[in-house]
Every structure is written in C-alpha cells, then in structure tokens.
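In the two assemblies presented below, chain A is common to both, partnered first by chain B and then by chain C.
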Partner chain A sequence: MIATFGVYFTTQWASFLAYRVVFFLYSMWAILPPLIYLAVWSTVAGAEGIAGWSEGQFVAYYLTFMVVNHLVGSIEIHTASWEIQQGEISGRLLLPVHPGIRTLASNAGFKTIGMIVVVPSVLLLAAIFRPEFHTTPGMVALGLVATIIAAALQFMIGYTVALFSFWITRADAADQLNMVLLFLLSGQVAPLVLLPDALRIAASVLPYRSMLSFPVELITGQLHGVAVVVGFALQVAWLVAAWFLMQFTWRRGVRRYAAVGG
Partner chain B sequence: MTQTPTRIRPPTTTPAQTSSAPSPIVISNLTKVYRVHEREAGLRASLGSLVRRKYRDVCAVNDITFAVRPGEIVGFLGPNGAGKTTTLKMLAGLLHPTAGSVSVLGHEPFKRERAYLGRMAMVMGNKGQLQWDIPAGDAFLVNKVVYKLSDADFRAALGELTELLDLGPLLKKQVRSLSLGERMKCELAAALLHRPMVLFLDEPTIGLDVTMQARIRHFIADYNKRTGATVLLTSHYMADVVALCKRVVVIHEGRLLYDGALAELSDRIAPFKLLTVKLHDAETPPELSGYGEVQSSEDGQTTLRVRRDQAPAVTARLLAELPVADLTVEDPPIEDVIDQVFSDSSLDLYGTANP
Partner chain C sequence: MPRYLAILWVFVKNSMQNEAAYRANLLTNMLLTVVGVTGSVAGVLVIYSHARTIQGWTLPETLALLGVFTLMNGLINTFIAPNLNEFAEGVRKGTLDYTLIKPVNSQFLTSFQRCSIWGLADVLVGLGIVGYALLTGFEQGVGPVQVLAFSIASAAGAVIIYSLWIGLATIAFWTVKIDNITSILQAFYNMGRFPVQAYPLWMQRVLTYIVPVAFVTTIPVQALGNRATPLLLAASVLVAVVMLYLSTRLWRLGLSRYTSASS
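This part shows the complex of A and B:
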C-alpha cells in the first residue's frame, strides 16, 4: 500500500513536470483569490484597524491562508469524477489496488511540488505587504497538525462528492455547491471571527471551518485554551464521519457501477 | 436449416468435468439485464423525462453456459451489441451478473479479491489504460509495484516482452506520442508483466494495420504457448480468430448460438463447398448450372456452390463429363460464414428448437 502510494506519487511528479504551465497556473489557484481579500481587508483596516484587527494582522492571516489553502485543497477530485463518468475507472478497477490510492497520491504529489510556486510567491507578497504575526512556535506546530487533518478531511469529502458520479452524471454540480460553501464558510471572504454569529456557527457546525479556517486560526495565534481543544475535537469528529461516509459511498458506488455498467 | 443435428449442446456437462485439470473459466446460466433510461428525441420529451422517466430492461446476456479449459484460446464471436463485452466485464469483475454464475480461477470475479485481480488481465483495444503523460517505461514500473513483482521477475518479464514486442525504442516515449499500434503493444506489455494466467482480450487488434495485427496475433499465440495462460478473445477480424482459436463461442443478442470447433462452424452453417472449374478451349463458358448453384463466372472460370455431401460426386461428374483444365474445391470463406450467423439470428445451430 505504502509502496503503491510512493510509486504513484513519483509518477505524479513526473506528470506535473511534463505540464509546467498548467501546473504553475493550478498552484496560483490557491494564492490569487485570497490575494483579492487580502487587498480588500488591509485597505479597509487602514491605519486604525477594524474589529481589533490591524492591517498587518490581515496580511498575516491571508498569507497563512494561502499556504494552508494550497496544502489542504483537493483539485484532483475533478479527475476522479471524470474517470467515473467516462468509464476510465474500469481500467483502475482491474488492478489489485484501490483506485483512491492513486487519487490520494496525485493529491499529495501536487501539493508538495506546488510549494515550489507557493512559497516564493508568499514570501514575495510578505515583502510587499508586511505581515504582523502574534503567535507562538507551539501554535504554529499545532496549526501544522491541524493542516494535515484538514487536508485529509477535504480529500475525503471531495472524493465522496466525486463518487456521486456513480449515480449522477454531473457530480460536478454537487462539487460546486461544496466549493461555494467552502468559499463562504472557510474564512476566505473574511476571517470567521468577523462574520455574523449565524454564519460563524454554521461554519463550525458544518465541516467547513475544520477544512481550512481552523489551522489558519491556530497558526496566526487567534485561538487559546478550550477553543483549541474544541477545534481539534470538531476536526477529528468530522474526519471520522467523512471516513465512514467515503467508505460507504465507495462500496455502494462500485456496486452500482457493477450493476449498470460503465 | 434442415440438417440433422449432429451435436446437441450439453447444458450441464462442461469441459471441466471431462478434462482432468479444472477449467479456469466456468460460466453457468449467466444473465445480465441492464435497466436503461430512454426518451424520444426533442425538447418536449426531454422535459417530460425530467418528471417521469421511462425505463426499459435490456437483456444483454441471456442464459449463457460454457467453460474454457486451461491453456485454451477461445474466440468469442458475435456482432456489435451481442453481449461479448458485457460477458468479458462480468468475467473481469467489473459487472455483477443479474443471474447465473461466473467463476474464474476459482474466484467469483465481482468480489474483486486481490488474489484474483493479481492473476488476471483484461485488455480493451478501444480503451487504453496507460497514463498518457508519462513514458510507457514508467507505467511498467508502476505496475511492478502495484502487482508486487520482485526485481528479478519484473526484469525477466520486461526483457521478454521487450524482445517479443520490440518495445525497446518505445519505453522512453510519452504514451501520448505513440502510434496506435505502438500503444497497443505497450498496453499488452503492461497487462502481461505480472504474467496473468487468464487473459481477456476485447478487440486487441482493432484499428491496427495488417502487419501490426499479425504481430499482435503472433505475440498472443506465443504468450499462450510459453505461459499456458487461458485466453478468451473477441475480435471482428476473422484472421485473428482463424490464427489463434481452434474453438469459438458465438453469441447473438445475448444468446449462445454455437460453442465448438471453428472448422465445424462452417459445416453447420454453410454446409457447402465452393468448386471452381476452368475448362480447356472454353471461349464461351458452358452452362454449368446442372452441376450446382453458379456463384460467379468470369475469365473462363466458374464457381459453383455445391452441398458438402454431394461435392465428391459432383467433382467426379465434372471431371468425367467436361474437358477440365483446373479444378479446386474449397470451404466458403470464414467471413461469409460468420456474416451469415450474424445476419440470420434465427439460425438454430444446435437443431434443438423447431425450425
């Protein structure tokens, strides 16, 4: 299993390196939308700040957001969905290995190699916009753990949505809904603490805060004590739920595929 | 057809019970029914189908029974839509049978157990499985890991396949830049690296030129000889079938029409011979319709269609009564025989039903 993951992972690198321009553009995907909100909020905050946040804090928040966004995102879900729609999955099902391993390896491959683009871009932006971090190394370390959990969570939810393609031809519609909610409730439009109560609660009850905002909040030092524990508890609960949901969807999906044909 | 049946399909005795080694592929009363959504053309019908969907059951495979002996290459024939691919997909574990059973190497394929998937391979000529953006050589390395091959086994298998299929120059090229024939060679190699004992080939030579077809055919025959693998093959190229398969299974509209020797198939469906006669001093070809049905007559040569059992007598009469310069007796081309099977689904090859 680990060896299989490894070989798919390296193949994925080779594959991305074969398409350098596309790979570069995909990597920018994690950076450009938050950059807009960085510009908006740091301008709005100006010299006096807003809701207790200074201009530099907004910059720190969005720069962190970019890196975490890249590390937790799941773009290859579209490929997984497409493979099912086109019947390409048949070829994968003939192999003595779960097709999801390949998707996961592709996900991890893209994220690691994408850092070549993301890190210099964020450093460059940091030099221009001057972030102001109020955090501790401990919080950053916890934030990295939360990032890994968030990545796993986004992968599982994204893969589950892609598996809907076994039933409906256009699972990308479901993916769009997921993406819109993620966009609104993950702390991209605005840091969650600045959102109205109703939205903030929705973001926490739904998995979206756990999927992206929570690690960013940790790394930027917004959370303390109980809030940290509650955040991790929510993340782990969603992770377990997503795991079972994904397994269930996979088994049902393959059974349906075997009934109706590809 | 009014011939007397010489062989009735035995519904229960499969070759498994007659040969000593167990049959790697056993199919019993296999049936697959698809439920398809259908609607009339046009916007109105399109809107209507939003509200009320009409479904129709389509029986793709209908109560098929046969078995394949170890090391056998069986040709699986039938027109488009006959149910060949559906059957192969059930054997490969991609489809779940609606009724009946399939057993391959002692496994129920649709359970997709690793122990089974690791010992079989399916190659679909119209659907590549190699990743497009990496060289074939890299794809082989992926399969080495996926199938848990040891370095030694991998090197041996790759060496052998490289030699047989002349892969040397192809290994470093991106799959997308390979020609159709080159890609097929790589697909076959990728599917055979783990030396599967059962091989399902769905149109392996489709779209290839004659030379490449012959190449692939030789390779399949060779692989079968060397490894003793059991092969079930579909093809629309009769040359493939003639070269590789002594036995054929013919299905049409999901039903089994024939299971037996390829040679016997023409006896059964086309029980006649073609006699081609050339006469001395024949400026105007004589009227030969008294000897048999005249099929063609040109350049002083006449081809007669004569019932098989009468062929020797007619031949003797021709030689005795006419100044024969040349005479050949042939079986009808297999293409014509198969065409007759496909175009006339009412054919009763077993003579078991009423005509």
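This part shows the complex of A and C:
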C-alpha cells in the first residue's frame, strides 16, 4: 500500500511539474483570500490594537493561517469529482488498488509542490507586514501535529463531497456551500476568538475549527492547558466520524455507479 | 448602437430559454448566490462588531460597497466569464472563424455572445444590498445628484472591469491558454470587497494604478456618499475611456496574429 502510494506520488509530482505554472497559480489561492483579511484587520487594529490583539498579532495569525491553509486544503472537488463525472474512474476501479490512494497522492503532490510558492510569498509578506509571534517551540510542534490531522480531516470531507458526484451532477454546489462555511467558521474572516458567541460555538460543534483554525491557534500560541487537550480530542473525534462517513459514501456510491460515455 | 442592443437582447433571450430547460440547476445557482452573499455580509458584520469605522467607512457604506461588488461580479458572471473560455478554445481550435465571418464587431461578439443569465441573480441581490444600506442610513442625505454621480461612477467601473478582462483575454492570441491569467484577475477583483482605504498604502497604489479595482467599487460608493469630488468622477470616466480604447487596440493587434487552425 505504501509502495503503491509512493509510485503514485512520484508520477503525480512529475505531471504537476510539467504544468508548473498552473499549479503555482493555484497555490496563490491559499494566500490571496486571507491577505484581504490580514490587511483589513491590521488596518482596523492600527497602533492601539483591537479586542486585545495588536496589529503584529493579526499579521502573525494570518501568515500562519496562509501556510496551514495551503497544507490542509482539499482539492478533491477538482480531482476525484472530475474522474467520476468523466467516467475516467471506470478503469481505475478495475485495478487492485483503491482509486482513493491515487487521489490522496495528487493531494500530497500538489501540497509539496505548492510550498515552493507559498513559503517565499509568506516570507515576503512577513518582511512587509512585520508579524509579532508570542509562542513556544513546543506549541509549534503540537501545531504541526494538528496540521496533519486537519489535512487528513479535510481530505476525508473533501473526498466525501466529491463522491456526491456518483449521485448528482452538481457536486460543486455542495462544495461551494462547504467553502462558505469554511470561510466563516475556520478562522479566515476573523480569528475564532473574535467571532460572536453563536458563530464560535458553531465552529466547534461543526468540524470547521478542527479543519483549519485549531492548528493555527496552536502555532500562534493562543491555547494553553485543557484547551489544547480538548482541541485535539475534537479533532480526533471528527477524524473518526469523517472516516466512517467517507467509507459509507464510497460503498454506496460505487454500487450506484454507471459509467457515462463510450 | 440600437442594433447592438437588439443583438444583446437576443443573446439574453436565448440564454433564458436554454437555462429554463435546467430548472433544478437554476435553483441551485440561486441558492449558491444567497449562501455566498450571506457569508460575505456576515464577514463584514464580524469586523464591524469590533470597530465603529474602517478608515472613516461606516457599516452602511461598506455594505453598499459589498452590494456594488456583488453587482459587478454578477455582470462579469453573466456576460464576460462564460465567453472567455469559449474564446480561448476558439483560438486553439480555429473555431473563432465563425465569429469573425459574422457582420458584427468581433470584439462585441466574443464578449457577449454566450451569456449565462443566472449571474443576473447576483446583480439583483447586489442592488438589494445597496438599497438596504441606503435605508439603514448614510451619514449625508442621498439626493438625485448623488445617485447620478453613483450611476456615472458605476458605469465607468463596469467599463474598466470589462476592459481589464477582455484585455487579459486577448493575451490568448499569443499564449492560447488564459484560464490562469483570469484566475489571478479574479483574485485581485476580490480585494474590491473592501474600500481601498482599508488596505496599506502600497496595496492601495496597486489597486488604483495597476489593477484599478478602486474605480470599480470604492469610487462609486464614495460618489453615493457625497465624498467623490467632480475631479475624481472625471478621472474615473477618463480611465474608463482610455482603458476601453486600449482594449480595442489590443484586440485588433491580437486579431492580426490569428491564423486559424487547419484540420
């Protein structure tokens, strides 16, 4: 299984490198939308700060957000969903490997290649906006673990939404709905602590905090003690739930699948 | 001019008939518009729950700006976006020939022949937001003069965003593929959700002089709030005229490179 993944990963990597300009541009999508909110919040904070946040803290938060956003983001609506709609998955279903392994390899390949754009861009922005980090190496390490869990969680949810293509032609509509919720509840429009109570609770009750905001909160040193444990517990709980949801959707979907085209 | 308006109306009517065949799809798209706009409005409200103004912009003014943003986005999605990919395909496959042999201006046809009417939902919702923002109170009263200034500035803004899109699309004559370039423009356009004053100075410069998004959303709302000087309005119109002229020049230049494709 790991060897198969390795082969897929290398071939995907090679094919992405062939279309590198496209993939470099796609990686900008992890950076440009949060840049809007970085700029607006740091303008609003100004010299005095706002709600206990200084300008530099907002900058640190959003720069971290950009990198994590790229590392955890789901692209399955463009890869897996497309395969199903075009009927390309037919051939892959005949192989003795789950087609999801290939989808996972594209995801990992895209993220590693994208870092070539994301890291320099974020460093450049750091030189311009001057972030102010109050964190410890331990928290950053925990944050990286949470980033991996968040990436797995977003992959499973993104893959499940992409699998809706087995039933409906407009799985992208479900994906866009997911994106709006992600925008509001995952810490992009504002760090979660600054949201009104109703939205903040929704972010934790739904998987959206675990999908993106939690690792960012850890890396920027916002969390201590029990809050860290609770955050990880929520992430793991959602991960397990998403795993079963994905398996269930996959089994039902494949049974229903009828290839299109000739 | 009346002839072109008549042609445009035929395109819109055709599109309506096409879309009416896919009613579920139409419903889905309207739902997505509502969800997307609700998200954007909620985003603005969150920021204003912590700040009374952003660089002098009050909540109703920023909401009006979001309305203009949504409206312009609707126009792009209705008229320009659906045509551009078709155009790039036309250059690649040589099917642009069919556009060129028609006795109508080729830039006009390329820009508008395939419209997708569900984008008009965004236009309506955008107007609704502007209306709501006006009712909840602009600091200065809004009279006929302001509405006129707003209309002029918005029309100029629409021309500017059109010229940017078509100008970038024209690059397809040289590079054949354009979806990457247009996705970058979309990313810049998204910065028009907030007044340019909300950004640091260097970004304001970029958004005014390089990708003039400021003229598309910020200046129309300033005009509505009686904060745009006649000079600013004149500059806006001038930029629109110059950019439209440049886009037609670029179109001609690109067209002279088009050699069709043989099968």
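What we mean here is this: the second predicted complex is superposed on the first by the 256 of 262 C-alpha atoms of A that agree within 3 Å, B and C clash if a C-alpha of one lies under 4 Å from a C-alpha of the other, contacts with A are read in each partner's own complex, and residues count from 1 in each chain.
Assume a contact is a pair of C-beta atoms (placed from the backbone, for glycine too) under 8 Å apart; a residue touches a chain by one contact, two chains touch by 3 or more.
Small disclaimer: the values here were computed from a predicted structure and weren't measured.
J.: A:A127 in the overlay: touching chain B, chain C, both, or neither? Say first, second, both or neither.
T.: Touch status of A:A127: no partner.
J.: Considering only the touch criterion stated at the top, classify A:L25 as touching first (chain B), second (chain C), both, or neither.
T.: second
J.: Looking at A:A3 after the superposition, I want to know if it touches chain B, chain C, both of them or none. Which is it: first, second, both, neither?
T.: The first partner, chain B, only.
J.: Give one of first, second, both or neither to describe whether A:A258 is in contact with chain B, with chain C, with both, or with none.
T.: In the superposition, A:A258 contacts chain B only.
J.: With both complexes overlaid on chain A, does A:A47 touch chain B (first), chain C (second), both or neither?
T.: neither
J.: What is the contact status of A:A198 with respect to chain B (first) and chain C (second): first, second, both, or neither?
T.: neither
J.: Report for A:A173: first if it touches chain B alone, second if chain C alone, otherwise both or neither.
T.: A:A173 sits against chain C, while chain B stays out of touch.
J.: After superposition on the shared chain, which partner residues are touched by A:F183: those of chain B (first), chain C (second), both, or neither?
T.: A:F183 sits against chain C, while chain B stays out of touch.
J.: Indicate the residue numbers of chain A shared between its chain B interface and its chain C interface, in ascending order.
T.: Looking at chain A, the two contact sets are disjoint.
J.: Can you check the complex and tell me which residues of chain A touch chain C?
T.: That would be residues 21-22, 25, 28-29, 32-33, 36, 39-44, 50-51, 128-129, 170, 173, 176-177, 180, 183-184, 189-190, 194-196, 199 of chain A.
J.: In the complex, go through chain A and note every residue touching chain B.
T.: The touching residues are 3-4, 6-8, 11, 14-15, 18-19, 87-88, 90-91, 93-97, 254-255, 257-262.
J.: Okay, in this complex, where on chain C does chain A touch?
T.: Touch list, chain C to chain A: 25, 28-29, 31-32, 35-36, 38-39, 42-43, 46-47, 49-51, 54-55, 180, 183-184, 187, 190-191, 193-194, 198-200, 202-203.
J.: Using the touch rule from the top, collect the residues of chain B that touch chain A in their complex.
T.: Residues 34-35, 86, 89, 92-96, 110, 112, 114, 117-118, 120-122, 124, 127-129, 131, 133-134, 138-139, 141-142, 144-148, 174.
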